[in-house]
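In the two complexes that follow, chain A is the common piece, with chain B as its partner first and chain C second.
After this line comes the complex of A and B, so read on.
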């Protein structure tokens, strides 16, 4: 159960950033998995190869994710959005393709420099505790706590600060925000920064918890995508609920049925929800 | 006026041209390099060593004058761990680059995809690292067609035997263990391995309590370890290759109190310690070689030279690929030609002391035709353990450097 909670919290963290970007700027970032893996591999390389220590390694991982997120925005997304040669109605497709290719590039670079073998980040807290007779690694509890804290912070940021309110406003009505004298590009940068940090934390925690390899890029993007679609595109609370549904469904399948069929029920559920409620659990449109 | 030249002149010109071609090819033959195509997984640690080791062997042979004056040329191709890419590389190697023989891959699925192409294109083909029994079984079942394929690594059946032989000495006789759970990934090579385990483990006195097969893309092993712990075995017998880092790290993080013993291909790599942040400590794995282990007088010098040149020790497939280039060169020498059928005949008679032991192939009438022979005096394999960040041989006795020891969270039941 704690295992399921930790996994769900991790999924939630990854998917929140993903849905935030979509909600505010309408971008479906298919390089999401690559950014998470880049963070984890950077944290591993810093801590285990360069030997800078666990905390510094984790920070470097998050920093790398932030940089990669900015690179994604400035090198891939912004040029497409600003381009006059791409018709507006086709921009979404261009962004999809662009970020997908960008993700593959990052994946191949990681495979080239660090091989496609899985890497694991040294956990910040080691050891195990017994909870109700189940031996649980403390790192798993740590992961769950960090995820919840970060999500709570995000909620405070969005709902209680000026910047957050601007972000929220931009997701509702971008034109209105510009009329109020706020620079839309600045809001986008803030959102991408938040996204980069969220993806970075999720990536590093995933590296500590399960380990990642360049192969994880595709599945990570896919899981974030399906969680966000399940919860309703652009809806943060929908994503949170969906993340826990998917996380628990996967864990229960692995425990009760067979680890080999882990992902299947969640995908079936996704198909089912799409069939009866195409806008997702809490989707607006 | 279609023909400008009169008939007689045309014929004599044609004859001269053919004559020139014959002499040209005859002259080229003596200096023609022996071309070996190497198709491997450049991004995977196990695969990356294959072209490097092959090149090292070729350089050494060439430095000594080559094979009767002919140099060895390695042409390598990255297959991105994909069967489709490998087949394309194989076709290109044979049709465009005119290689004489191909060394390819450590993945059974890839090798099984290439095997029919070796038969169709009549090009000898050796794998340095795949293990599936099916590779050599197909040679046995249709020898005339599939005789071009050679299995330069132990079959899964032989690997299971090697693990059981080591388990008997180390776990049953010394530590009095009585039960085991088999944990293996779902892949072509583990089916015969699991069958081998199920057959030989009870024979050596380890009762098989459960058998967990999981998808190779599993990332969370918590449920698997929980399930295994539930049946309270003395040891987990592993069959993993596509995964390795993740189960090992989670084994340590979750402090699973049961030792792991068996095949863990990624653990054969020197980088495994770093990749797992030393969670590998105490992991026991089967290998054909290891740094500093003198299986034959050639093993250690090869490993050291490899490290000098490429900065790390070779993976298991590096050792076999290195040996393969040598016994291919030896076979070309004995055959006196690179003609495919003659080369196959010569390879069948291989008796080569390499870095992993004495290499001989099973014959036409053995069930595993063209697979390397397993047994004392030939190749028995080793059992190694990660101790203090190093790979230490613990079995067989004549090369063992230390006794088995486990991290403190492993609780031995006896």
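After this line comes the complex of A and C, so read on.
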């Protein structure tokens, strides 16, 4: 159960950033998994190879994710959005193709410099505790707590600060925000920064919890994608609920039936939801 | 239509096909094998382009249609020992039926949701194949007893002929009145509907044609390889390659999609000496084309011709 909670919380953290970007700027960032893996690998390299310590390593990981997220926005997404040669209704598919190619490039670079081997980031807290008779690694509890804290912080940021409100407004009506004299590009930069930090934290925690390799890029993007679809594109609370549903479904199937069928119930649920309610649990049309 | 037969594009295409047809006389079997795969891949990309470039529907799951065709043909041959040609036809039919099952509910939803539905379909198919491993060979793949031919030249000519015929049909369709209606309904469905065209019927037709060629090509590819596996015909990564090929070659050109596919496969092979960096370089080139020549190879060439 705690295992399921930690996995769900991690999924939630990864998917929140993904859905935030879509909600505000209509971008489906398919290099999501690559950014998470880049963060984890950077944290691993800093802590285990350069030996700067686990805390500094984790910080470096998050910083790398932030830089990669900015690079994604400025090198790939913004040129496509600003391009006059691409008709507006086709920008979506161009952004998809572009971020996808970008993700593959990051993945290949990681594989080239750090090999395909799975890397486990040294956990910040070590040891195990007994909770209700179950031996649980402290790292797992730590992961769950950090995820909840970060999500709570995000909620405060979006709902209680001026910048957050501007971001929220941009997701509802971009033109209205420009009319109020706010620079849309600045809001996008803020969103990508939030996204980079979220993806970075999720990536580093994932590296401590399960370990990552350059092969995890595809599955990570796919899981974030399906959670976001399940919860409703652009709805942060929807993807939080969906993350917990998917996380527990996967963990329960793995324990009760067989680890081989891990992803199937979640996919069936996804298909079911797509047919009944294509906008997702809490999505708007 | 009539202007096409006198256009430069027509003569260039004919010349290219003729040159390609003589290749088995003087290049090695290795090169032929590579091009054979590239040609089948070209059909995947053209079928996808018909759906995206003309009907305006983003199909993230081209491999759903390809995979159904490929696996149906493969299983029928491996389990029941039916003849290769019957299996190929049945594979294409199964793909059309799968396309209908997918399209009927999926076309009710719009924009990104259509794409998402198709993506989920691929993931389902992938899991289905792994779960029913007895029938499908699971993750290892399905070994197929029969192949079309073991001669590299014959296989090459079949692939080239198949691609040429598919290209002619798909291109003809895209330039016909039906293609124009499709293009109109892709760009402004409301207005196209107001002009009295049945949009759903046209899009469904496009989906069926796309499914037919994807399935047929998938089935042929399986009998060329002698195996069917998730990694070669179903995986999302394969579908992504199809999409990249179509966008790279130039969307809404049909013929460009085939060029893009051939480029992707041949470039990947040329860069093999660079080892792990090969995929990186191909993706980087593709990204640059997407960013700076959004019309793709053929789109850029055609617009230059139109300007001069």
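Quick notes on this structure:
To be clear about the criterion, the second predicted complex is superposed on the first by the 285 of 285 C-alpha atoms of A that agree within 3 Å, B and C clash if a C-alpha of one lies under 4 Å from a C-alpha of the other, contacts with A are read in each partner's own complex, and residues count from 1 in each chain.
We adopt the following convention: a contact is a pair of C-beta atoms (placed from the backbone, for glycine too) under 8 Å apart; a residue touches a chain by one contact, two chains touch by 3 or more.
These numbers were taken from a predicted model, which means no experiment stands behind them.
Once the two complexes are overlaid through chain A, chain B and chain C fit side by side, free of any clash as defined at the top of the document. Of the two partner chains, chain B is the only one that A:7 touches; chain C does not reach it. Once the two complexes are overlaid on the shared chain, A:226 sits against chain C while remaining clear of chain B. Of the two partner chains placed by the overlay, only chain B lies in contact with A:255; chain C stays clear of it. Once the two complexes are laid over each other on the shared chain, residue contacts for A:111 go to chain B and to chain C alike. With chain A used as the common frame, the shortest Cα distance separating chain B from chain C works out to 5 Å. Shared contact residues of chain A with chain B and chain C: 111-112, 260.
By the touch rule above, chain A contacts chain C in their complex via residues 28, 76, 79-80, 83, 85-86, 89-90, 92-94, 96-98, 100-102, 104-105, 108-109, 111-112, 218, 222, 225-226, 229, 233, 260-261, 263-264, 267-268, 270-271, 274-275, 278-279.
Against chain A, in their complex, chain C makes its touches with residues 52, 56, 58, 105, 108-109, 111-113, 116-117, 119-120, 123-124, 127, 130-131, 187, 236-237, 240, 243-244, 247, 251, 276-277, 279-280, 283-284, 286-287, 290-291, 294-295.
Of all residues in chain A, those touching chain B in their complex are 3, 7, 47-49, 111-112, 115-123, 126-128, 135-137, 139, 210-211, 213-216, 219, 251, 254-255, 258-260, 262.
Per the touch definition, chain B reaches chain A in the complex via residues 43-45, 48, 81, 186, 212-215, 217-224, 226-227, 243-246, 249-250, 253-255, 266, 269, 271, 274-277, 279.
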